[in-house]
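Please find the structures below.
What follows is a pair of complexes built around chain A, which joins chain B in one and chain C in the other.
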Partner chain A sequence: MSNPYIVLPVIFQLFVAVVLMFSWNRKNLQKLISVIGSLIALLISLLLLLKVNQEGIQAMQAGGWVAPFGITFVADTFSALLVLLTAIAGLAVSVFSVGSIRNARIKFGYFPILHLLIMGLSGAFLTGDIFNLYVWFEIIIISSFVLLTIGGEKAQIEGAIKYVTMNLLASVIFLTAIAILYGLTGSLNMADLSIQVAAVENRGLVNVTAILFLIGFGIKSAVFPLYFWLPASYHTPPPAISAIFGGLLTKVGVYALLRVFTLIFIPDEFLTWVISIMAMLTILTGGLGALIQNNMRKVFSYLIICHIGFMLAGLGIYSTIAIAGAVFYLVHDIMVKTNLFMVSGLIFKFKGTYSMRLLGGFYKEQPLLSLLMAIPLFSLVGIPPLSGFWGKLLLIKGAIASSNILMIAFIILGSFLTLFIIAKLWAAVFWKDGAELPRKKHIKYFEELKPLKKKAMIGSIAFLSVISLGIGFGAEWIMRLSMTIAENLMDPAPYIQAVLGI
Partner chain B sequence: MKTIIFKTASAYLLPLLLLFSVFILLRGHYLPGGGFVGGLMAAIAFVIHSFANGIDKTKNIIKFHPGFLMPVGLLLALTAGSLPLAFGDTFMTGLWMKQSVPVIGSVGTALFFDTGVYLVVIGVTLTIIFTISEGL
Partner chain C sequence: MEILLVIIIGLLYAAGIYMMLRRSLVKLIIGLILLGNGANLLIFLLGKIVKGEPPIIADTEKMLGEIYADPVPQALILTAIVISFGLQAFAIILIKRAYKVVKTDDLDEMNATDEDL
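Let's look at the complex of A and B:
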């Protein structure tokens, strides 16, 4: 169904960024605009999801140029849901930034760039054109590069160089793959490609292109063996920025993988096998990496990799139920990972360190706050009925149905590794008796903050925790949504019909 | 590079180049040109002036911080792009006036979009160049 308004979540974020730029020097006004803008964006995204849920897939042809010639924007349930999650994470991070981002960073345009990043993410989820997807990826990289380096600390610059090098490499591979695909089919519209690629006779070249896409998106979503940039860079920026990165950036890669490998390239046995092996090794290396880290944020960085493996596993098994599992896990992971990086930031504000060895006794000092922080931590482990459990359940169900014993073993291994790591973290940070830490001069500790800032930081963590709990307890609803999404992904006919009208 | 020849020439080059940049901007719809190239050319006009007369003199001509042009340009482009939404058309659809304006030709949202790009490019380029030369 044609609907010119589905592009609103994207345009609105740009509008907020522009308004923020006009109030460049007024930091308090910027905070207010950012939070209100994020709230409205959340409302728009919610309306979009409801609309899609009621009336089916919505499409928009930019400039009125009909597909496959113009740029198409498509909102199916998957896209709309991810746009909503982006808006939720964006709101939480915006509120958290009010409490935690230093004025020096705001002065260099932190808030406008944050909204441009969210615009890029929403655009990537909504576009139905593979080249346009590339453009959104570029917007995401450029704004994330600015966010990563803003403040100009030495560690930040070092992390940013690794981050940008690997991501630019991924972009080059992605662009090459698009060029080959265009040479093969003469089309860039994803729905049109779905038809055209199936008709290409040179299957060898199609498979090579598919592998190029796999590598390009693989680097962006940090899967084995292409993930090294992630733990090298995600622990360097301020926690609010880590939160939006950890929650959403790698997930765009996963989204692109799920989209491209269900719509354009239908994986054959070899490709599913390759993806499965990658998924298993991603789970293993991510888990093992997290095991030996001492810096809390590095632990979470490696856990991102580990859990990207779960989502990739869904694609590797390639059945409706497994993909539904991957989608459910994606939903849960965006909320929880964003929250965890904010949690680590809040602990830092209290203690002045991320080192698990030095930290301790947090539960004794802040029992209520510790209980709040336990929600995302245990959701991540997936203790039923918290949100991490249901995605894994669907994944294992899917693996059993396709009798993929090895995959089941790795998913369970990954879950145990996560459990062990989080238990270790809980023991080290919350239960262990901590020594009195020396006060550092350059850190503004939590007690010294204004009450509004305190409330902003705790409030955003509580907000995401409630949503995590909602996903866990309302699993039935999310599961039904994931099943719808998986069915839509496995059967692209309605998608193609909505875009091309055939 | 403060030679008298360059200094004299720059006083004439600035308005000429600016005028030419506007010409490039306007012809961009059907012919090579457009907001991006035009914007670069306008920025170059100011850069030449600053080479000849020093950066402070150029800043005096512009009067406001060039960075201010970025949100102005973005807002113009965004408005031009989303104006069709108000008429029930899709984002970025070109809306055109029925009669064409003398000298400029037919006026549509595409012109405003391109003008937005023009302003953003001037703003970005001059901000970068001014910031770098301040550090020297």
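Let's look at the complex of A and C:
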């Protein structure tokens, strides 16, 4: 039952990071290695997904220790799909970094840390052991701390303090929850826990542990009322870093929530009620927060929160179709949010500001680029047949099936707020007559860049836009995949069978 | 022993959260460190403490006896300590850097990220 290729996406990223560290001072070589490494990683994850799709859930017991005693890695469709999306986002951000990251930052080890971050993300998606998940979370946060502070500007440092504090607190809460869980069951293997937790008689303590997990993962995935660190930090680092953060870091929290609350803790009525309320308020506060912001990147930061609410809503409704909707939305959101932060970075390269009040006339200056940028923007709104529509459709279908009227209202309100915000942003940045902005000396504007860098930035945005379009037009295929994932999540028997062999 | 540990863990969590709610950056980090130590002791306590029965198989035996200390919590704590080591080292450097850049250690005055840029 040992399939070592499951951890290949993880080990390969580590390998790339190590190779990058050996070429510490050679900036151009680093860029080349990073892009080629990301390409190969993409290929590996694609093969993994195909294999899982054909042969079912794959499990690997690290070091040959039979589950539940050793550390298990499991690749089911959900994990493999997320690893693939991580690789796609990683490739896009790597290419975008070639164009947009300054040499000073590369000298401080930007590329190796980026690959370590992606390694942590892939590991978190693939592990089948709750303590191992904690370790991957720590790898993710320490890499993200470094990426967030690299460069050391004032806003970056201040944002980092809030980000570091909340993430360390979340880790402690997560660790506390693991401690209680281990005390209750004596196991750390997630498949084994699924059986053991169901047999625990002290239900009160099980519920308390579940709430601790909800808070720990809730901080990481930025849900109401635990999200305040996100809009304080995500707009401070360079756009390439914001892009990988915005696309993936909160989503790994959502993944952990979906996994833990379908496999280990089956939510009772109270818990689904709590999650539903959190989801609704996340949608509302995220949307309203985005409404009043003036900085483009802050708008996108709040929109991340708003759309985390949609995914949480799927968990709150807790039916196969609603969870399929949440998974579809997750797939769409990773691609679009990564792309949007890169779009804001490209606009900054042209104009030298993120302020929507100052920006304007972008459509007149760059009509073709504006049309390209319209793809992720309108995918986010979810105008059919673009990708954001289908996830919400499934979510609303799920809410109707469980006659949760309030949830439908909030999902529609959230969509409406998103539409309004994007329309406002489009009018302010692209259509409004733009005043001539003063040139800032310390910014290297787009016109001054080398042709290769220009192509890298536009190419990565175009790449992700094509994938977004693919998700929208190939919705049937993704929907079938989401339904498979949701069925696997709702019925964990095959997962347990693949890990424990029973 | 268990009662003593329970009290210590409670104190560490309470003191940690109290320190985190202060406005000073240094106290914030101390609070995080205390919380981390509390969590480590909690793992130790909930792993069921057994006195004087190390999990070692004697030469004459084939497997462990009836009662033995569970080695897993110790492995977990060791991992958690090493991780928190790294994170706390980073956090301490970060607050030092923040103090240099912002020239204050009052959290209430760190609001550059809320400015409308």
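Please note the rule applied: the second predicted complex is superposed on the first by the 500 of 502 C-alpha atoms of A that agree within 3 Å, B and C clash if a C-alpha of one lies under 4 Å from a C-alpha of the other, contacts with A are read in each partner's own complex, and residues count from 1 in each chain.
The definition used in the following text is that a contact is a pair of C-beta atoms (placed from the backbone, for glycine too) under 8 Å apart; a residue touches a chain by one contact, two chains touch by 3 or more.
Only a predicted model underlies this, so the values are computations on that prediction, with no experimental measurement involved.
More residues of chain A are in touch with C than with the other of chain B and chain C.
After overlaying the two complexes on the shared chain, residue contacts for A:39 are found with neither chain B nor chain C. Applying the stated contact rule after C-alpha superposition, one finds that A:400 touches neither chain B nor chain C. Applying the stated contact rule after C-alpha superposition, one finds that A:4 touches chain B and leaves chain C untouched. In the superposition on chain A, none of the residues of chain A is touched both by chain B in one structure and by chain C in the other. Those residues of chain C lying in contact with chain A across their complex are 20, 25, 28, 32, 35-36, 38-40, 42-43, 45-48, 70, 72-73, 76, 79-80, 83, 86-87, 90-91, 94-95, 97-98, 101-102, 107, 110-114, 116-117.
Contact residues on chain A toward chain C in their complex (touch as defined above): 131, 134-135, 138, 141-142, 145-146, 149, 152, 154-155, 157-162, 164-165, 168-169, 171-172, 175-176, 178-180, 182-183, 186, 188, 232-233, 235-236, 294-295, 353-355. Remark: chain B residues 67, 70-71, 74-75, 78, 81-82, 84-85, 88-94 touch chain A in the complex.
Within the complex, the chain A residues that touch chain B are 4-5, 7, 11, 14-15, 17-19, 21-22, 24, 60-64, 73.
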